[in-house]
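Both complexes shown next keep subunit A, but they swap its partner, so subunit B is in the first and subunit C is in the second.
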Partner chain A sequence: MKSLLACYRAVIKTKLAERMAYRTDFAISVLLMLLGDFMIPLVTLLVYRSGASFPGWTLQEALLIQAVFTLAKGVAFPFFFGIVSTTLYHVREGSFDVFLLKPRPILFLTMMNAFDLDDFGRLISGGVLFGLALSGVPAPSALHWIQFAVLFLCSLLVLFAFSLFLSGLLFKWVGSSRVYDMFDSMSMFGMYPGTIFSKVFQQLFTYVIPIAMIGFLPASALLGKGADGAWLSMGMSIVFCGAGLMFWHGMLRNYTSAGG
Partner chain B sequence: MIEVHNLYKTYTTYTRGSSFKETLRSLFERETVLVPAVKGLTFKVEPGEIVGFLGPNGAGKSTTLKMLTGVLHPTSGDVRILGCTPWKQRKRYVRNIGAVFGQKSQLLWDIPPLDAFYMNKAIYAIEDAEFEETLHRLSRLLEVEEIMRKPTRQLSLGERMKCEFIMAMLHRPSVVFLDEPTIGLDVIAKEKIRSFIQEMNEQGVTFILTTHDLEDIEQLARRVIVINDGEIVFDDSIMALRNFLGAKKKVRIVTEQPADWYGIEGVTVLKLHSAKDAELELDTDCLPLKRFIQLMNERCTLQDMTIDALPIEQVIKELYGHKERIEKVSVLTE
Partner chain C sequence: MQSLRFVRAVAFATYKEWAAYRSHMAVSIFIGPVYFLVQYFIWHAVYASQDILNGFTLSEMLTYYGVMSVITYLTFDFADWNLQMLIRTGKYVTFILRPVSHVGFALAQKVGHRTLGFWMEFIPVFLIYLFIFKIKLLPPQPFWAVLSIILGFLMTFFVNYSIGLTAFWLTNAEGVRRVFLLMRDITAGVFVPLSFFPDGLQNVLFYLPFQFMQYVPVRVYIGSYELAGITMSIPQVVGLQAIAVLCMWGVCQLLVHLGARKFTGVGV
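The block that comes next holds the complex of A and B.
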């Protein structure tokens, strides 16, 4: 474990040095990411300003769901979601060979190399949105905070599972950059209160593909509105993540490198 | 140390025609093609050997090397190296091997190689003292003490390749796989890399190298495996290959007067560019180089001349010609 941490620290340090070679590009990337993420709640704000609403949810509550969603992505993207783009690039180029030549778990190496400093912009915007949304709702109790923490961890598990499925697909569907669109279209369901969807969709996104866990369920816990099936969905998140791990390692066998 | 038995690798690819109709059709239906890249290789390598894999492009050299390094799973066959099956005990195995792929860099483009070396130190969990000692020794040997502090993108190809070697050898591997390590390098850089390989080999490191540069093999390997179309067509010492091929050279010659090349023993015309400019194959066993130059000067006055080793395609042709002759003789004796 100590060796893994030392390895992680060394690679992150190297990635940092690598990114600092182009500081202006880095600053622009972070700024654009911040601006892009601040646009997310704008639609909700417009919906509520026009007199419409998500039934059963105040503006502040809806904003909190979206803030939790952005925060979860803000943690996922810099630390592990980059495995999708890393796989996309290295499998297409055949340079994934280099990871396979190192005496560490391949997924761990891929994750380390996927560490993306630019995506810290998402973490900052997620944190700011979360703070702003939280200031508009009654202060949660300690119990709600604990429930939130557990469910937020599960939301990270779900995002990790998504990254594994998408990255795994890229060993077979070499160069398919559209996997990001697939993720965006699916994950957006977690950004809105689950109760606005039909019963079938609610159950699908809670118990089968636990997308509701990404934003809706942890935010509900924080608001003291514990949604039905949150604990079962938690179990599903763990299963989903396990399935993602198995899928990724299975798909790795499809790696064929590139001509030498 | 290395035992390879009946190794096969078949890739699945897809083909389509180039017309608009065929391109459109390929959206819905593609023809699957099985490409046998490696067809039943069997060989052994002893500790401390330098074995050269020689073969033209697409012969299966790199695929074989990728299977030996554990990067690719074979379709079938067994490989035992250092007591491991590379693709099954990958982590334990790669800790003891090194690899330099001439066309795939382990360095990081925007930062100095030294930073990448420190990253490898952490990945391989190398002790501080051991790392410093190895780095100092290798960087001095390859004369990169200064340049390894510059960003990789500012280095020449030769300098980068030297740093790739350090990257691959910091953890003191006992077997090193080199895939075309001198590709694109100038003569001086090639010489430096070759002498480094020789020095490491003297210290007990086993090298397997693929190349289509016959000079790499001649200067480094004591044993050569010629591979073509996924099969071994020659596996013997470099001396045996030399004896077989004879001392043949490829000569490009430009003369002042028109020359007649035919009828000179030891000279075969490969290509006639003009009456004064030709590409020849010279067998120096039949006609020593000194005598050949003298003869040319007497007959038609030399203006320019370049001498190269035989291209690998020519070597393969010779090997196949030899194989066919042997087969004909055995059919006749039967």
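The block that comes next holds the complex of A and C.
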């Protein structure tokens, strides 16, 4: 464990030094993350400003769902979601073999290599959005905070599972950056109140592919709205993550290298 | 005649090259409808309490997003990414030595890439929207719609190419490129129709080139145009779009000229 942490620390230091070679680009990238993450909330704001709304949800409540979603991505993207881009790049270039030769767990090495400083912009934007949205709703009780914390951890598990599925796909589907588009399109379901979707989709995204866990369910817990099936969905998130791990390792076993 | 042969040859080579990765493009058949499905639920919920929102009925709003989605498959472009990569790595130098302009080469590449996109992305997604979502996707004035899409195709290319040209001044233009792309998408009406923006901002958006990339083709396709309280007939707005494309072509040529003087072939 100690040696793993030492590896991680060394990689962070190197990545920081590497990124500081292009400081302006780094600053712009972080700023861009902030702007980019405000896009969906901006659309929500424009919709509410024109007098419309999501039935049963105030502007602040709707924004809170999107804030929690952004915050979860803000934690996931710098620390582990980058395994998708790492796999994409190294499998395509034929350099993934290097990970196989090193004396550490392969998934850990992939995650470590994927550490991305730029994505901390998402964490900042998530935090800002979360603070803004929270200031407009009644203060949650301690119990609601605990429920939120547990469900937020599950949202990270779901994102981790997604990163494993997408990354695993790239061992066979070499070089396809469209996996990001696939994730973006599917995860959109987690950015809005689950109640606006049909019953079939609500159940699909709560109990089968727990996308509702990324934003909707933790935000509902914080608002004291207690969405149906949150605890069952929590169990499903753990199963989903386990399936992701199995899938990733299964795909890794099928990796045949590109001969780079 | 020789230019036409050149465009055809480059477009065909690009088509063949990308056809090797056709599964990457075919994913749009999944992604497009999933995005649309989210919009479908959002707007159904929003319109539960009212019939008209900023001049759009529910049916018109879904048509807007449906048309926006399919038109994007025809005008999609990444000339900016390609160009900034060529400049950053120094590979642009090989184009300076060739007896053809890189602008023409990149445009021909886009023609080839989008020809493949036409039947791998546009047609399947169009049919899904038309027959499964029952979206009205047949334009009332087909001639003007096609003309406006062609102009939107050119406008998207010239704007993106100009963004890519910033790499002549910045060693790593990726951050700037992404800022531009984000602002471009917002001001082109990709996220939400421009008529949702505050009045003051709509007045600014009217004078920017970005509405001519997607917002105008979508509105022409639907059959009516309105922005910042200004209403125009379809031939008028397509005429204005043509003038804007010519101006953007001029800006692009000027930037190419200025950038070439800055180029040092770093990385070669």
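The definition used in the following text is that the second predicted complex is superposed on the first by the 258 of 260 C-alpha atoms of A that agree within 3 Å, B and C clash if a C-alpha of one lies under 4 Å from a C-alpha of the other, contacts with A are read in each partner's own complex, and residues count from 1 in each chain.
FYI, a contact is a pair of C-beta atoms (placed from the backbone, for glycine too) under 8 Å apart; a residue touches a chain by one contact, two chains touch by 3 or more.
Bear in mind the structure is a predicted one, so any value in this text is a computation, not a measurement.
When the two complexes are overlaid on subunit A, subunit B and subunit C sit side by side with no clash. Once the two complexes are overlaid on the shared chain, A:197 sits against subunit C while remaining clear of subunit B.
Residue contacts after overlaying the shared chain place A:108 against neither subunit B nor subunit C. In the superposition on chain A, A:89 contacts neither subunit B nor subunit C. Contact with neither subunit B nor subunit C is seen for A:247 once the two complexes are overlaid on the shared chain.
By the touch criterion defined above, A:35 lies against subunit C but remains apart from subunit B after alignment on the C-alpha atoms of chain A. In the superposed three-chain model, the partner touching more residues of subunit A is C, compared with the other of subunit B and subunit C.
Once the two complexes are laid over each other on the shared chain, residue contacts for A:189 go to subunit C alone; subunit B is not touched. Once chain A of one complex is fitted onto chain A of the other, the partner contacts of A:18 are limited to subunit B, with no touch recorded for subunit C. With both structures placed on the common chain, the touch criterion links A:231 to neither subunit B nor subunit C.
Minimum Cα-Cα distance between subunit B and subunit C in the superposed model: 6 Å.
Touched by subunit B in one complex and by subunit C in the other are residues 22 of subunit A. Note for the complex: subunit A touches subunit C at residues 22, 24-29, 31-32, 35-36, 39-40, 42-43, 46-47, 50-55, 173, 175-178, 181-182, 185-186, 188-189, 192-193, 196-198, 201.
Across the complex, subunit C meets subunit A through its residues 21, 23-24, 27-28, 30-31, 34-35, 38, 41-42, 44-50, 53-54, 170-176, 178-179, 182, 186, 191-192, 196-197.
Note for the complex: subunit A touches subunit B at residues 3, 6-7, 9-11, 14, 17-18, 21-22, 94-95, 97-98, 100-105, 109, 253, 255-257, 259-260. Touching subunit A in their complex are the following residues of subunit B: 11, 61-63, 65-66, 69-73, 90-92, 94-95, 97, 99, 101, 103-106, 108-111, 115-116, 118-119, 121-125, 151, 179-180, 210.
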